């Protein structure tokens, strides 16, 4: 998607110029992981011969994402979102404008699914099935292809109340969750979609019933996060004092950090720390994408110096 | 509409920020005329409780346009357009993104037509009927209301090839043109839609057959303009050396200048001069709207000094 | 007034561009109240045929303020102020430049006082009488007109030490305070002008002697505020954690929030909460005016969620 | 003065930020000459302990101007001007706001006139005596001091119609002109103030009667310039094709170029060429001051290559 | 290289911010050709673990250039250049700062020369051998590898007087020219390096003696260009009226346009037209790289309409 | 040096423009002290006829620094540094690019050492001897000249690990420290270079053995600072709550504040308070230099009001 944001601390109504960036949940995860050094391919659809479609490809390719599977159908719109950042107590506001986007019209038949069979992991977002019948079919097919190929699947719930109801989301997720290897969900979505509230351990165990095979990562806002792997709940070994510049995309960075460490063979506790650190670094960057290198992530994991690096 | 433009001379693909302005053909005419001192009301539809809808109302109201008839239906999009300015030989590019806009879904029944009966003039654009059945019905109804009330109608052809074919446009215009009091058309549209090419006088006489009662204003790009009023063709008494900053909206300023002078009782030649001067001034302003006061327009009409005004 | 500010965190001495906005205590109150949905008219004077006078009218009209009573005398200056924002421990600095402004030369005879008789409330600022004999006469006349028409008067002390001495202020306020329905005063001004220091309740009771009929609103900086209504002191039911972007105009927003709620029939405690919330939201906006809608204010009063609104 | 300008091509009414620069006729001449390598001192008055007064001193000192004679009286304003640049046919507009400026209140007694006795040249502007009795006294005293010390005086007419009438200007100039060594005047001012119109040679000879001892430099807008020295009229040996970025201050650069070359011992024709070249270079710079080094000026005088300098 | 430029029309001395872009002759050619759809690989050296080296790779990859052969040695600098744009008569100035750059220390042994054997064309710049013994060795080796593999070589003279003398350049070029398939040279360089002046045909025939097998492309500044292919001199079939935004990189775009058309099988005259058109489009873009798509280039070659594209 | 920084909160990799400022440790101290009213001369070397060298001189002169001793050798580079600001937990990063800078090639013979004999204090930085043999010779010579003239020397350790090893630094400092009157050192440098860790008092007493005659100022990051004068350790009487905008240069401001107060005759405790206050104010300014006036510093020392100054 194209992200158009009022330069903080301006309100959209007073902005005379909007910052232009490329974002979107899956793209953010892909870009972050490619930057950390993993081979990463992105499957999506942008309008053909369209300046913003071209730009999205260019930026993702610049981060090292393989965009050769991005479809470029004629005639669709580019999905947009308008972002108004805010300091407390004013809330950050996102106004989506993605009706009729090329991506919302994507059909499963249009995708070259061989990509799944070459992958070590497939990552999916819960926004996609909420966008329409086509994208829901794409997710279903991806799950089926991954199952057939024995490729583990990661899924981020990302519930969006403007797109579907909790009941609709719950119904779809009932299909998807049983097979997942990694499930990412925010505490607020756990409450809204599944009615699971309370202490993190209780929520995690409630989710375990739905996703019996997954490592389940629960994000808790300012309270950090927790992961249930097997029967064990892990908490991050370290919390960061973060001065937030832009928290949009922090959840995507969290997922990318966890998956990067996991694919690199790190144990679940270390992966949770990597997730926490990458999310913290993302919050210091203006834009959806965690503009972070592997060296920077590893440096933060290794030190707590706040000295100027000269 | 919301106009999102790359700051010149940037290309959209390299822009990190887009200038935000409000534009659109009828809005431009309304704003320009209100600024020149005429009481002006605007009929349109913007999405309800939407930052860009609110902003469009605020800006037009700031220019003095009465926006109390602007409908604010729930749920629609705000029409957008992306503008990439360019120096020769690179062409200026406009990418519209107005599918499903609130305006494109406007129905004639939603409008309070009493506004027509209070007006001295109704101005319409040929873009509107091309946007869909609803807007076409709005234009038809406006024509009918004006005819019933004996209010003269002004119409700017503004042919847009992405919205309809010349044959479709011609068919609709066959309904509208006979009753018009003022017809604005560019030479290129005269050729494309009506097949009328050649010397301005010939084109004007060709148009006379279609709009027998109208003063017909033909704009000729760098060649200026001509108006056929009754049997007489007038040309502007003066041409300006213009350093173009932004020519988007120049046609709307031309119409506004002509109508302002005409409603002020000036003869057709003087009105053509006012149209020419306002269009020239508009070309020096970044944005769709002719940010010009009555005093400035009259000053330009009265002098050719290029001295710094101190 | 025209507000020219160095973009934070720059110092004025290093600024290569100054942000241009419209501000001023009464204008801020008027704009905020119009945005919240009240019919609001503004009485002031801006120089005629002057770009900044025109702009001030345009912006206020855009917020919905009726500017038809704004006088436009020939020849005066537009009052300016230069603002240098700062992070602690450097203080924010305001350099006024309003000598000979059109407003400072306003005479009571020039105003059409029928506006008072149509109003449900008249709001005045203590800056006005400090600007000169003319503005002081305007305030005196407004008080008299309101008294004659039985319209309640709200007054914000806003003591400015560069304009008059505490003794001069005290002398004038001795005239104004007895009749007031609403009195706004900061704790520092209470100390400087009236010598009233100490616990909020004590200061309020000291002020009660001066303004026996008013609800007295005392603002306490980071300590919040208190209101004495009748014999009861109310404190806000909620405090906000505010990351301050710009606190200039927060007092005006506080007044606007209180008066909006009061005119809407809310009890004094709820009105104090509205005042507190609107002031908090104002502090997140760059510029003097609280760019806040009624929906946003009511949302903040109803929830304490800090989630991104999508 | 402080120059606040809308970034071209914006109109002031749409500007959200104003460029901040330091300017003013005499300051421009002083800065340009100091940059070309001459020892230059500036006599003026800026308000004490005032951010813009401090900044003006800092910038002029940065150009190499000795500001030790700039007075810093308490309490005055800093003169301002608002500049709106424009492309043809819209005129450039300057709105002065210098009422009550510290400079307009300068008295001749306040100046340390020993500076004149140390100078090789005194340069004065016709704006100064138009600002009030004090500044007029300053100019009179400067003329008298220069006469007493045998120091040649240069004077730029710079007629400003908002400050005084042609008759007032003519009366004052009748005092000043007879003793001048160098007189700069624009063709439009020659017409307005002295009623001298027509061919440059005729105007120059008309001015000769008023300034019998001066080299008289007549600027002709796009037609270039001419100088009458003794009985001979010189024209520049070269004209430049100039793409004008900002012509405010071009006249001051013209004067600076001529005086620099003259003080460097160049003959009048070469000095006119230097004046022409420096004015042309100034027109390519945004801001009042000719940001040009001696090497750059000499390079332009020596070559007509338009190649990129690498 | 990193290009740091004052935003036009500012001078470097007054710039408070410098535009950051990636440029350099060979990179510009590679990026332009990749954008036009050709598979393009770039051989260079950027410092390892260096923000600007990473960025250069990211941007070039975004344009579609294969950067897998770019070396990233430890410890070098990133070459920089400071650009000051200017309007006439002020010259554009480039200040290079590439001493000790990673590229200037590149050695031929470090390059994987298999890339040459996979190529349809090798393009080289005359700047490279002027940077030091290492880069000169790289060019020699590239010529030898291309000769061995039978791959045609294109060479752009790009003489830089700060890096070597005409005699040094001439000596090196005596080695390189005989084998070239395409030689690009500016008329000024032909004069400076080879002493060849006069009519384009004469210069071309003088160059023919040096490069007997090459198509020789002579660029003539505002006079366009000419190509000698075999015995025939071709001139472009069309000249463009160009409003120049930035002419840095125009020569690289010219080369890229010619080579793109040639590799696409077009005859020499059509290739010269493509070169001319791409150079003209480049001049409308701020930055070194011709941000032009194949569709845009072909559109310009096919039409001379200056209408707004909607 | 030229400081090129990404506008916060941007990363360098995403910056499209870099802020341009002048900085460097000794320049920062000199500028801050000149602004506080002391006569200050700067000894350095900038490349001749170079835009950044000229600009550095202009800015320093604007602050009141006497730059007549700054050498301008032909041919060198201007030292640069790239700054990426960051919010926690991302570290601020400085990338130096000063290889072959004019300053790094400065030789002691080139300096006019009479300046030392006219001074009341000589301030040196530990960066200088790390830049090469020439600069190390300059520092040695300055120490010898000061010793000969009986002028006290101040020295800031400023250890830079990219320039030399702790052992190299220690060896050089063994020469310099015994004679110092004032020694500034950060706690981290004390640990790295001298192996002195632990409680501030212990570190200070460890340093006393190395610098037996100096007042030793130890900075402790967020823990403030301490000074050992004679046998007494002083701590600041006040700590400030600082919202950090830019902490680069805070150490230089600390030194400037201490030396300014000391040269003004204040006792060591008061001087430490001045150092603390100036460092705090510096942290609120974007740029290396403490843009603070004497009045502002004294105001902060005298009050803790956070009110808006109107």
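Should a chain be cited, it is by its letter among A, B, C, D, E and F, assigned in written order, with residues numbered from 1 in that chain.
What we mean here is this: contacts are C-beta pairs under 8 Å (C-beta built on N, C-alpha and C of every residue); 3 or more make two chains touch, one makes a residue touch a chain.
For clarity, every value in this text was computed on a predicted model and none was experimentally measured.
Chains touching both chain B and chain F: A, C, D, E.
Of all chains, F has its CA centroid at the greatest distance from the CA centroid of chain B.
Of the two chain pairs considered here, B-C and A-F, the higher C-beta contact count falls to A-F. A straight line joining the Cα centres of chain D and chain F is 41 Å long. Separating the centre of chain D from that of chain E, both taken as means of CA atoms, is a distance of 45 Å. Multi-chain contact residues of chain E (touching two or more other chains): 13, 16, 54, 58.
The touching residues of chain F, counted against chain E in their complex, run 4, 7, 12-13, 15-20, 50-52, 54-55, 58, 77-78, 80, 82, 84, 95, 97, 99-100. Those residues of chain F that touch chain A in the complex are listed here as 9-11, 13-14, 86-94, 96, 160-162, 188, 247-248.
Within the complex formed with chain B, the chain C residues making contact are 49, 54, 58-59, 61-64, 293, 295. Against chain B, the residues of chain E that register as touching in their complex are 240-246, 277, 280-281, 284-287, 291, 296, 299-300, 304-310.
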